[in-house]
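You will see two complexes here that share chain A, one where it goes with chain B and one where it goes with chain C.
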Partner chain A sequence: MSGIPTPHLSRRAMLLATAAIAVAAPPAAKAQTPRPGGTPTPVPGGTMVMIVNPEPATLATYAVSAGNIPPITTQIYEGLLTYDWDLKPQPLLAKSFEVSADGKTITFKLQEGVTFHNGAAFTSADVQYSFMEIAKKVNPNGPVILRELESVETPDAMTAIFKLANPAPYLMMSLSSNNIPIICKSVFEGTVPMQNPSANRPIGTGPFKFAAWERGQFVRLDKNDKYWKPGLPLLNRIIARFIPDAATRSAALETGEAHYAAYSAVNAADIKRMQANPILDSTTRGYGTTAATSVLEFNMRRPHLAKKEVRQAICYAIDRQFIVNNILYGFGRPAVGPLSSVFSTSGWFTDDVRRFDVPNRLEIANKLLDDAGYPRGPNGVRFGLHLEINSFGEQWLRQGEYLKQALAQIGINLTLRSEDTATWLRRCYTDYDFDINEPFYSAGADPVIGVHRHYVSSAIRQGTTFVNNKDYRSPIVDKLMDDATRELDRTKRAALYHAAQKQMVEDSPGAWLAEVQYVTIFNKKLHDHTMGPLGTYEAFSRAWLER
Partner chain B sequence: MRRWRYFGYRLAFALPVVFGILVLNFFLIQLAPGDAASVLAGESGAASPEYTAMLREKFGLDRPLLEQFLAYIGNAVQFNLGYSFRNDSPVFELILARLGPTLLLMLTAFGAALTLGTALGVLAAVARNSWRDAVISVITLICYATPVFWLGLMLIVVFSVNLNWLPTSGFESIAEGYEGWERWVDIGRHLVMPGTALGLFYLALYTRVMRASMLEQTGMDYVVTARAKGQTERKIVFGHMLRNAFLPVLTMAGVQAGNLIGGSVVVETVFGWPGLGTLAFNALQSRDLNLLLGIFFISACLVVAINLAVELLTITLDPRIQA
Partner chain C sequence: MRAALKRFARNRMAVLGACIIGVVALLTALAPLLYPAGAFTLAGPPLQPPGMRYLLGTDALGRDVAAGVVAGARTSLLIGLSAALSAVLFGSLIGALAGYYRGATDIVLMRLTEFFQTIPAFLLAMLLVVILSPSVLSVIIAISAVSWPGIARLVRGEFVALGGREFVLASIGLGASGPRIIFRHLLPNCVSSIIAVGSLLVASAILLESGLAFLGLGDPNVMSWGLLISAGRVTLRSAWWVCTFPGIAILLTVLSINLIGDGLNEALNPRLRER
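Now for the complex of A and B:
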């Protein structure tokens, strides 16, 4: 923690500010009057309170990639690049970049005059260390994203040249603050990265500095007065609060105690009520690199599920629109295949695949099972399977309850099994003692980052979580995905992905249920918080509070 | 003198109890499938097998069970609670940070429940079968039967969202940066609702036990004697009966002292109170064994200590117990 006190508003001013919030707080007491003349002008100062759920176990974002860490750490650590609404790379710590024609050399020119929160100057040595010693070695995604990265050359302090073994088009999509944060070499050199004292007292180059972490309560971040972007950030402080109970989180937003909640911090059931609240507003933007999809994984080692007909029949039996309407409260879209429709922007997505949402789907499903040699028994049941309930929240049990009914229609008796996270992960990814699993994937900004590992046969790695546990081995898909990993031409790459999607949907190693649409709830006094597709995975450098 | 010898005997008996708890805890936890490394790797999306193996090695999970056990016992007898790898922090620090808020919440709820419960119990017993007794009985029954989480949420809806009198959750208002006296007032405001939600349950419990205990004393010889001597009703109740009737309540409170340290997961969750209950719950969920064993150990020590204190208090109140 830095011992230097940072200037902030006097307590009197702070009290006045909060008094203002408190006055506006009772819902329906007084609707906020819109300012004359359109958009209000930003005012500096103030403390923003955001809800992060659940509380992170650690802030070592460079070594642990759990999704609840970046909302805090991206305020502190910065990456080389950020992305605009069209997912085009934009400068951050890298002022500019140039990819060579063969795709094997990427030259980054770095921002000048940037310092870390401990006062050390930011140079190409920090970039080299962050990639070669930290990201490649201890970042759980490093082996995938940086597989082709052989070395980082530093001809001068402000230039970093990446040398790749093969072209890696996805690499340029993985350089944001939440993916590969740039850490300070002098802080880490000669230490074990995960036991570094800065693991939970992060030191970065970002607009906010780490101030305090009261476990079970909050993380406090203070304004970085020496931030390299002039005039930024506008807020004096950010407080990330942790409230374990969903109903209480909603109440904290309704009373104005908290200003911002992203991802699933607010229960889907509460979102409509929040949207009706005069002091609150909502947005579905800022989730452009998440591509979150709920899926089923079939264990193809099991005799029933080894048959393609059975897997397809299950796919036909499920009404995806029902799941979207009733389990997700309308916040989502039915999924058609392994790639989310978020990848329409880049061209990788196609819906020209075998469609399971046809009107006579139950008829087809029953016929498939009859043909596969599983006639209905005297009680109408063909055979039984187990579904492993995702342990990360209540909604997955709801989904399981629906699936039990949906599969009963085609004579499959589904038994639901709920276990805690550790037991569930062990059963599905280490012991392979499951029939059907119901996980939830984030694809990331490129399919290579978060899609390939679920389907390619090289990702059948016992004991590793959220990889190909289905025993799906398709030489066709392996080849298509392998080629797509290296293909630089966008049209050719799109064709490869379209073919792969077609093949995978045909094989149905899993069932793709719904693309989840997250909703951010925020106080109307908070402005300019969602400035790009990264949403809460990007610093609130321009965010400001109306007073 | 005899009292102290008795106390020393109880103390000597407590040590093997703590040791037994230590051993039992360790092996009970081993029965839970999955380990901290797999949970951590699971939360990271897809971690490589090397990453998981690296975590296991770092956490010492790759060593034989006996070796892990001996290391754990060796550390525990030196009061070294180890390191929580999941939280990247020493276990003792994590527990210490939660101990204050836990004790504040539990002592407030417990203290209020004990005093008020005793008073209400006496009141109900003295006016047995009157309207006062009926009202108290109904209220305690409602308090006893209301689920704590529901009560908590209703308090939030009424007093925070609708009336805006009290903050919804948390331990203090960080954004305001209060200091000194103002800070304590602020913490007090945060304490009101969780304290109430938790305390009402115990209040109901102690009221009922106290009422029953008082009624039991009514027919005792010493009460009849006192009445025959012509003592006032007030003196009989407060001078004679209360002390005797209080013993069962005290015994029960002593048994429940474990909750005092363990905290209440439900209340802590609903009100975002940074207590030991949620810390233990999360530690179990994430298989953070060092932390979990640390909490168990501290709780066991404190429960044993509190029970000794209660014992001491009981033999002071009723010297006949030390046989």
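Now for the complex of A and C:
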């Protein structure tokens, strides 16, 4: 892709960079002896600069689930487990774990010799406090993930036993540093978690220690010399930089002054150009547990949308491949149903559902609307609906503009309404004063975590954002999902989810548009940064910089 | 009036401005014939460079940039003119009341005017649009709300200057009512300054509208130059034409209106007549 040269951009970026931070000069370069296979041997030292966008409002990751916090806090806090590429649980702060046959007792043996950054020793009391007092009470995902957790028993300092009311197969999928960070009990005891002094000066057990947060500019993390994994971390320092302007973010990577940018920190339109840059490389790995799907939510309280034919017709009218190609710039794939295809690994996903991407989809859509009793008026319009524009960025306005054209083909006149975030959320999740909404959701590591709450009728909770606001009440889906929540047998659980997907796509309480493919852009000198499916939501303990 | 027109015609730059605005107005009128499908229609493959098929190229969604520029002209002129007109009407009224009645009325109205003048215009406009929820009407209201103070101060100044003149005193002596003196005698005497300043307001209203639309605060159902630029910004380095043409349109329109405004000022302002 050829771009016109814009020297002023990079000059501005460089000026900004010099003004922003003085990055410590790395120690003199060492000679590098290549590892067998041609890859260079890791060398310790150096400062990694990563771009985090936008700047987090807080670092209290134990109480706030915003996606821009964990890239920083997972360097500092650790969870009980991490996951390998097949999403199988692996030890982290828990050295080993054992699930009882009835699935109601989980025994964790903890790592020995681990200390928090304030010097306190890590024991089972910290685990108990993190789960029972913090995660269960203030973590926004706590009520779902930890619903069945009744108590954490601590027979000795290095053993934590979880007692569950019912089996919860998804719980083992939700114990990463990002999901449930282990905090230091002595720091939090007797305080209000959100107002704890360590909320924005985190104290954890991770490979990097919090050093400074210069608001509007950067967070600095320094190497934890007493980290419990011997010889790690390799980097001396991590700087998380905040650059509000997208073009400047791209320029920072292109000039080599930033080494790493994950999620949507780089404009999709810029990614192809960056991939052609000789000093940069890219990967789409490391998003196995955070895959996002863009969807439409239909307000089934509205007379038109209460009819299944209308909802299905809208699903047929949308060209999902067009959205992927032109709004996501090719970084995604068309969605077929409520479960993302990332669940193929686990077997929960199926594409054996009603397919809306058939060649004669417009014909079918128009016929459905005719049959539903909405003939075209003299100007070709059957009826009008409003679309609430997602306020989280420009691409959603583009998507809205496309949807307006797509629905015009089947005689539905779509009016776009764009409001600020607070008004948008109130309209769609509290007042229910909307027709169609266009949010996007992260699926989580298990459907229970990120999918159920959008479709089960028990999740119709007025005033709670990002739950079932569609008034979708299907006893069949409720039962299937409820059974899947407790089913320990993988094959049976997969069958339950397949049936649920079929039913939901048939009912079409929403439309599933595109699975967003995130891209990480990184400098070729940065190695070993994406070591598992958690990607940027995992500590850079093995990452190192070539010099 | 004819003399004024002649003086306007003598100013070549002003005539050039008027010609450009004439073309823009003509395009606006012909838009339904040139692009009957509208500016939001997906006309072809995305990001096509300017050429025979798509005169100004297509944007990231495959919409014809030329159709967008033409449709944006309509929005800009509509919002620019209505916002400037309502600002002029409201500002003149406030200024007239303050300048004629003086005293407490003057103090209250002028402090109010200054209050609005001290708030950064663009921020206030953004705030108003967010509160009112973006639509053509709310954008017009927001722009007029930040544009009237200048007119109010101008009209007040003119009224104060004219207040002691014989024809006003004579009217008062003959028992004319306040509103009659304001509307029949005083206002017509400052119409020329109001027209000159008001025409410049159109230009600033168009700029404000583009700025709001650029930030995503325009009516999402209406094509606008600001919206085009904001949509094209992400592809600036790979598809320059998406931003460039609406940008040129804004430049030319605002420049021409400013030229016309200067021309009108010279033609109508007696103090500049001999230049």
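Note that in this section the second predicted complex is superposed on the first by the 510 of 547 C-alpha atoms of A that agree within 3 Å, B and C clash if a C-alpha of one lies under 4 Å from a C-alpha of the other, contacts with A are read in each partner's own complex, and residues count from 1 in each chain.
The criterion applied here is as follows: a contact is a pair of C-beta atoms (placed from the backbone, for glycine too) under 8 Å apart; a residue touches a chain by one contact, two chains touch by 3 or more.
Everything numeric in this text was worked out from a predicted model, so none of it was measured.
In the superposition on chain A, see if there is space for chain B and chain C together, and answer fit or clash.
fit
Using the superposition on chain A described above, determine whether A:254 touches chain B (first), chain C (second), both, or neither.
first
Would you check which partner chain A:243 touches, where first means chain B only, second means chain C only, and both and neither mean what they say?
Only chain B is touched by A:243; chain C is not.
Please indicate which partner A:82 is in contact with in the superposed arrangement: first for chain B, second for chain C, both, or neither.
Neither partner.
Of the partners chain B and chain C, which touch A:423 in the superposed model: first, second, both, neither?
A:423 sits against chain B and chain C alike.
Give one of first, second, both or neither to describe whether A:394 is in contact with chain B, with chain C, with both, or with none.
After superposition on chain A, A:394 lies in contact with chain C alone.
Just checking: does A:270 make contact with chain B only, chain C only, both, or neither of them? Give me first, second, both or neither.
It touches chain C, and chain B stays clear.
Which partner does A:340 contact after superposing on A: first (chain B), second (chain C), both, neither?
Once the two structures are laid over each other on A, A:340 reaches no partner at all.
If you tally the residues of chain A touched by each partner, is the higher count for chain B or for chain C?
Counting residues of chain A touched by each partner, the higher count goes to B.
Looking at chain B versus chain C in the superposed three-chain picture, what is their shortest Cα distance in Å?
It comes out at 5 Å between the closest C-alpha atoms.
With the touch criterion stated at the top, can you tell me which chain A residues are shared between the chain B interface and the chain C interface?
Looking at chain A, the two contact sets intersect at 247, 420, 423.
Under the touch definition given earlier, write down the residues of chain B that touch chain A in their complex.
Residues in contact with chain A: 32-35, 38-52, 54, 58, 86-89, 94, 97-98, 101, 149, 153, 156-157, 160-162, 164, 167-171, 173-179, 268-275, 278-279, 284-287.
Which residues of chain C touch chain A once you look at their complex with the stated criterion?
Counting only chain C, the residues touching chain A are 40-42, 46, 60-62, 130, 133-134, 216, 220-221, 230-231, 234-238, 240.
Which part of chain A faces chain B closely enough to touch in the complex?
11, 14-15, 18, 22, 25-27, 47, 49, 57-58, 60, 64-66, 138, 140-141, 143-144, 194-195, 199-200, 214-218, 220, 237, 239, 241-245, 247-248, 251-252, 254-255, 257, 420-423, 425-427, 429-430, 442, 450, 453, 459, 461, 463-467
Quick check: in the complex, which residue numbers of chain A touch chain C?
Contact set of chain A toward chain C: 1-4, 6, 246-247, 267-270, 272-273, 325-327, 329, 389, 394, 397-398, 400-402, 404-405, 415-420, 423.
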